[in-house]
Amino acid sequence: MKMHNAKRVEIIIEAVMERQLTNALNGAGVTGYTVLPVSGGSGRSGQWSREGQVGRAGGMVAVICLIRPERLDDLLEAAFAVVERHIGVVSVSDTQVLRAERF
Amino acid sequence: MKMHNAKRVEIIIEAVMERQLTNALNGAGVTGYTVLPVSGGSGRSGQWSREGQVGRAGGMVAVICLIRPERLDDLLEAAFAVVERHIGVVSVSDTQVLRAERF
Amino acid sequence: MKMHNAKRVEIIIEAVMERQLTNALNGAGVTGYTVLPVSGGSGRSGQWSREGQVGRAGGMVAVICLIRPERLDDLLEAAFAVVERHIGVVSVSDTQVLRAERF
Amino acid sequence: MDGILALAAANLVSPIILSFVLGLAAALARSDLSFPEAIAKGLSLYLLFAIGFKGGAGVAAHGVDARLVAALLAGVVLSLLLPFIAFVLLRSLSKVSAIDAAAVAGHYGSISIVTFVAASSLLTGLGIAAESYMVAVAAAMEAPAILSALWLATKRGGKAEQVGGELWREILLNGSIVLLLGAFAIGWVTGEKGLAEIGSFIVEPFKGVLCLFLLDMGLVAGRGLRGSRGVLSPGAVAFGLLMPLVGAVLGLAGGLALGLSLGGVVLLMVLAASASYIAVPAAMRVALPEANPALSLTLALGVTFPFNLTFGIPLYMMLAAAVTGS
Amino acid sequence: MDGILALAAANLVSPIILSFVLGLAAALARSDLSFPEAIAKGLSLYLLFAIGFKGGAGVAAHGVDARLVAALLAGVVLSLLLPFIAFVLLRSLSKVSAIDAAAVAGHYGSISIVTFVAASSLLTGLGIAAESYMVAVAAAMEAPAILSALWLATKRGGKAEQVGGELWREILLNGSIVLLLGAFAIGWVTGEKGLAEIGSFIVEPFKGVLCLFLLDMGLVAGRGLRGSRGVLSPGAVAFGLLMPLVGAVLGLAGGLALGLSLGGVVLLMVLAASASYIAVPAAMRVALPEANPALSLTLALGVTFPFNLTFGIPLYMMLAAAVTGS
Amino acid sequence: MDGILALAAANLVSPIILSFVLGLAAALARSDLSFPEAIAKGLSLYLLFAIGFKGGAGVAAHGVDARLVAALLAGVVLSLLLPFIAFVLLRSLSKVSAIDAAAVAGHYGSISIVTFVAASSLLTGLGIAAESYMVAVAAAMEAPAILSALWLATKRGGKAEQVGGELWREILLNGSIVLLLGAFAIGWVTGEKGLAEIGSFIVEPFKGVLCLFLLDMGLVAGRGLRGSRGVLSPGAVAFGLLMPLVGAVLGLAGGLALGLSLGGVVLLMVLAASASYIAVPAAMRVALPEANPALSLTLALGVTFPFNLTFGIPLYMMLAAAVTGS
C-alpha cells in the first residue's frame, strides 16, 4: 500500500490545558488531532490517578497528532508555548500514513 | 533483552465501525489488537468530544496492532477496505517487541 | 526545536497487574509513565471488552513510558519480570522528546 | 381547550424544559459544564428501561387493545413514508446533496424517545390518558425509516452500503430498541405486581432523572450548534421547523384512522414529528458514510428537538383536541 | 411448602430474573445493548453499600445474636473447604489441568453477592425472616477460598505465585469486602436512625437498581458464553450445575448445626452454592496467571449464576423448609 | 444549646460522616476500593442540581428577603478578603513559597459545596431554619478568591498568567457555578410545583447519595494524604486547622451584620471556613502552574475538609448559637 512519511506527535498534558493546547494547534493551522483519556501516571510531581476525582485538576490527556514532516516545527512551537510552564511531555516519532491527502 | 522487529499500526476510526474493522482484521488473520477509547478530536469534519454523548455516532476509537513486518500488507489491505469510505486515519511505525512468539 | 533521542516503551498488560508493574518500574528508578485505559482487544486468549464489566479481571491497561535510551534495559528487565507469566505485550520505539531534563 | 392552553404555557416553565434551556445556554456560553459519557448513557438506559416497563405494565393493567397491532403497523408505515416527504421537502427548501438529504430524511422518519417521554409526562400532568402500548409503537418506528433513507440514497444519490444481514442485525437489534421492547415485555409479564416491586425506582424519581438527561441534551445540542456554524442554511432551518408539523399532521391522520384516544393521537403525532438523534445517526455513519453527520444531527437535536419540546408538543395537543373535539 | 412452591414459580417471572434473561438474550443475539463500565461499577457500589448497611441496621435492631461469631467461623470454614470438593469434582467430571481446576475451585469456595441479594429479596417477598448478619458472613466467605485454591495449585499443579504480604493485602482489603463490611459497620452504629435517614435511597429503589444490574450481568454473561464456545466441555457444564447443589447441602448442614432461622439457613446454602465472579477472578489472575480465566468465569457467570438465580434458590428454599419442617 | 451539643455529638455518628471515615480508612489501608471518575462526577452533578434547585424553591416559597443582595455582596467580599488573611497566616506558620501560599490562599477564600451541604442537612436535622438563598451566596463565593490569589501571586510571587478574558470566562462559567445557579433559578421559577414534580428525586434520596459521595471523597482524600507524605509541614497542618476558625469568625461577623437567621449565620461561617477542592484547583493549574497542586489539595481535602465535617460545623453552630443567644 502507498504510505507517506509523517510525524507522530504525542503530547501528554494536564487536562485543564486541553482547550488552550487545541486552540494553539488550531492557531498554528494544525486541525487534525485525537485526544485520548489518561487514567493515571507518575512523574516528578508524583503519582496520580483519576479514580473518584471530580475536579478537572490533577488529570492528564494525551493528544496525538499525525502531521507532515515539514509542518512539524510550527506544531512544536505552538505546543511548546502552551506546555512550557506546565507539567507534561512531548514526543515525536517517525511514522507512515495512508491517505496523505488527509494531512 | 532480545527484541524483535515489528510494526505498530494505529488505526483511529469511527466507533460505529469498530466491529467491522475487527471482523476484517480477524478475517485477515490478525487476531492481536488493542482498542483504546478516544475522548475527542478534530479533523476536516470538525472538532468533536464524547462528553455527554449517548449515541455511538460521532465518536472514534484507536485500534493498536503490533504485527510482524511480513504480515503488514495483509493487515493494511483489510483495514483499508473498512476505513476507505469512512473518516479516520491509519499510521504505521517501526517498533520492537519482546516475546515475538506472541505475534 | 531542540529534540533529544529517547525510547517510547508501550506496555499493554492486565489491569490487575498495574500496581505490580508500576511498583517494579519505580523500583527500577523509572518514575515517569502514563497509564491509558483500554476498552477492549483481542489476542491468543480471545476477544474481550470492558463494557459492563465490574471486576478488575479481564481488562488491560496501556502503560506508556518515555525514557533515555541508556535506561531502557533496566526498564525492560523490571517490566519483563512482571509481564513474564502474564498476558500482555511490550513494544519499544525510537522517539524524540522536548525538554530532556524531565527524563 | 383553554385548560390545555394554560397548561401548555405552564409546560414552558416546567423543570424539564428549563433544564434543557439551562444546558443549551451553558454550552452556548462555552461553560465547561458537562456530563461524562458514561453518565449520559446510564441516564438513557434508565429512561428506556423505565418507560418501556411502565408501558408494558400499563398494557397488563388495561388489557391489550385490539388496536395494538394496527397501531404498530401504522407506526411502521409512517416511519417508512415520512423520509420520502422529508427528502422532497428538504431538497426543495435548501440545496443539500441527495446523499445528505437522504440521511436527514432517515432521521425524521424515525423518532426521538425523549420527546415522546416529555409529551407523555405532560399528558399525565394534564390527566389525559393514552394507550400504554404507544411506547411499543415508538420502538417500532425507530428502524424502518433507515430502509427508506438507504433506498433514497441508492436511487437518487448513487451508491450506498448495500444492506447486508450484518447491518440489518445492527439496525434491528439496536440497543435502544431491544431495551425498550424488552422492558415493555417484562412490564407486561410482571404487570401491576412488578410495577409495585420496582415502582419507587422507575416511577417516582423518573421526572427528576429526565431533568438531568435534558440538561445534558441541552449541553450537547448547544455544543453542536456552536460547532456547526455555517452548516445550517436558512432553508435547512426552515425544514427543521416545518417537517415536524408535516409529521404531526400525518400522525394526527393516522391516530384518528386508528381511533386512538386523545392522548394516543397526541403521542403518535409527537412520534411522527420527532427526529432520531441516537439510533439513526449511528446507522447512517455505517451505511451512508458520505453523508455529513453534522447536518442531520444539528437539525434533529439543535432545531427540531427544542422546537417540539417547547412549542410543538402543546401545539399538537391543541390540534388533536380541536379535531377530536375534546 | 406449597406456598413456597407457588412463590418460587412466581420468582421466575419477577422483574429481577426477567431483566437478567433480557440481557442474556440480547447478548446472545449480538445486540449492541451495553452498559458503560463505570455504570456497572456504580451499580455494584450502590448494591454493596445498601445491602451492607441494611444488614448492619438489622443487627442494630434485633440485637446481635450469640450465633454471629459461630456463623462467621462456619462461613470461613465453608469457604476454605469447598474448593477441595470442587477441585476433586471438576477433575473427575472433566479433564481440565490441575491449575485450571484449582482456579475454578477458588471461585466456587467464594461467593456471589448478587445471588445472595436475589435470595434475600425473594425471602423478604415470602415474609421469611433471616439473620441480618448473614451479609457479614457473606463478606467473610469471599477470601478464604483463594487460600485453598493457591494451596491446591502449588501442591497439585506446580508453582503458583507464593502469597506475599502484598497479595494478602489485596485479597483481604478487596474493595467489595471493605465496602460490604464498612457499610455493615455504619449500619450497625447508626442503626434504625441511620436507616431512616437514607432508607429512601438504599431501601425503596433497591430492587429497581438490582434489575438494571442483573440486566447488565445478563449482557456480560451472554457475551462471555458467546465468546467461549468450546471452552466448556459437557463435563465442565455438569460441574457448574452439580457443584452448587453440593455447596447448598453443606450450607444446609452448617446452617442447621448453627441453629439458624429458616431464612438464615437458606442464605448460607445460597452463599455456599454460589460462585464468585468479581473478587476471585482478579486474585486468580494475579496469583495463578497460568489458569485460563475464561473457564472459571464462564462456569461461574454463564452456568452456575443463572442456575442459582432461576432454579437453585427456590430449590434450596424448599429443601431447607422440608428439613426444618417449616 | 445543650440540645445542639448533644446533636452535634450525634453528628459524628451520622451515616454521612461515617461514610467519609470509611473511605478515608480504606484508602489509608491501601484497599483497592474506588469509584469510577464518571460516577464521582455524576454524583456531584446530582448534588449540585439538587441543592441549587431546593434553594431556589425555598426562595420561591418564603419570598425573596431584602437581604439577598446584601448577602451576595458580603459573600463576594469575604471571598476576596479571606485569601489575604490566609496568605499572611500560612507564610507566618510555614515557609512555603509566595506562589504556593497564594495558591493555597485562593482555595481558602473560595468554598466547599459539600461542606455546605453537610452543614445544611445537619441544620435541617436540628430543625434550625436558614435562608434558602444561602446556596446562591455559596455560588457567589466560589470565584472571587481566585482574583485575590492571582493578585497576590503577581505582587508577591513574581509573574502569574495575566488573567485574559478566556481565563475569566473559564472561571466565571465554571461548571459547578453554572449548575448551582442554574438549578437555583429553575427552582425559583418553578417553585413549590416544580419541587413537587421532582422532589422524590432530589429530596428523598439526597442524603443517601451524599453518603456515597462522601465515601468517594474519603477515598480521594486518603489517597492524597498517602501520596503526599512530606508535603505538609506541621506549620501547614496548623494553618489547615486555624484558617477555618478565622474564616468562621469573619463569617460570623458578616452574618450578624447582615442580620441573618441563626441557620444563615452558621452557613455563612461554614462557607467562609471551608476550602475549595474542585473549582479553584483547576483555575490555579491554569493560571499559577508553578504552584505545587499537592500542597493546596492536601490541605483543603485532607486537613480542612475533615476538620470542618467532624468538629468544625458543630463548633460553628455552638458559637453562633451562643452569640445570637438562641
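We call the chains A, B, C, D, E and F, going by the order they appear; numbering starts again at 1 in every chain.
As a convention for this text, contacts are C-beta pairs under 8 Å (C-beta built on N, C-alpha and C of every residue); 3 or more make two chains touch, one makes a residue touch a chain.
Please read these numbers as outputs of a predicted model, since none were measured by experiment.
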Discussion item. Counting hops between chains that touch, how far apart are chain B and chain F?
Written reply: 2
Worksheet item: Within the chain touch network, how many edges lie on the shortest path between chain D and chain F?
Response: 1
Item to complete: Since chain E and chain F are copies that touch, just let me know if over half of their interface numbering is common to both, same, or not, different.
Response: different
Worksheet item: Where centres are the averaged C-alpha coordinates, which chain has the largest centre distance to chain B?
Response: F
Practice prompt. With chain centres defined as mean CA positions, report which chain is farthest from chain A.
Written response: E
Worksheet item: Cα centroid separation between chain B and chain E, in whole Å?
Response: 38
Discussion item. Measuring centre to centre with CA averages, how many angstrom lie between chain C and chain E?
Written reply: 34
Item to complete: Please work out the Cα centroid separation of chain A and chain F, and write it as a whole number of Å.
Response: 34
Item to complete: Indicate the residues of chain D shared as contacts by at least two other chains.
Response: 32, 34-39, 41-42, 204-205
Worksheet, complete the sentence: For chain B, residue numbers touching 2 or more other chains are 36-37, 47, 49, 56, 93-94
Fill in: Pairs of chains satisfying the touch condition
A-B, A-C, A-F, B-C, B-D, C-E, D-E, D-F, E-F
Worksheet, complete the sentence: Counting only contacts in the complex, chain B reaches chain D at residues 14, 16-17, 20, 45-58, 85-87
Practice prompt. Over in the complex, which chain E residues touch chain C? Could you list them?
Written response: 34-37, 40-41, 44, 161, 216-217, 219-220, 223, 227-228, 277-279, 281-282, 284-286, 289-290, 292-294, 297
Item to complete: Could you pull out which chain A residues touch chain C in their complex?
Response: 10, 12, 36-44, 47, 49, 60, 62, 73, 76-77, 80, 83, 89-94
Worksheet, complete the sentence: In the complex, the residues of chain E that touch chain F are 36-39, 41-42, 45-46, 49, 53, 169-170, 173-176, 178-179, 182-183, 185-186, 189-190, 194, 197-202, 204-205
Worksheet item: Can you list the chain E residues touching chain D in their complex?
Response: 13-15, 18-19, 22, 25-26, 29-39, 42, 204-209, 211-212, 215
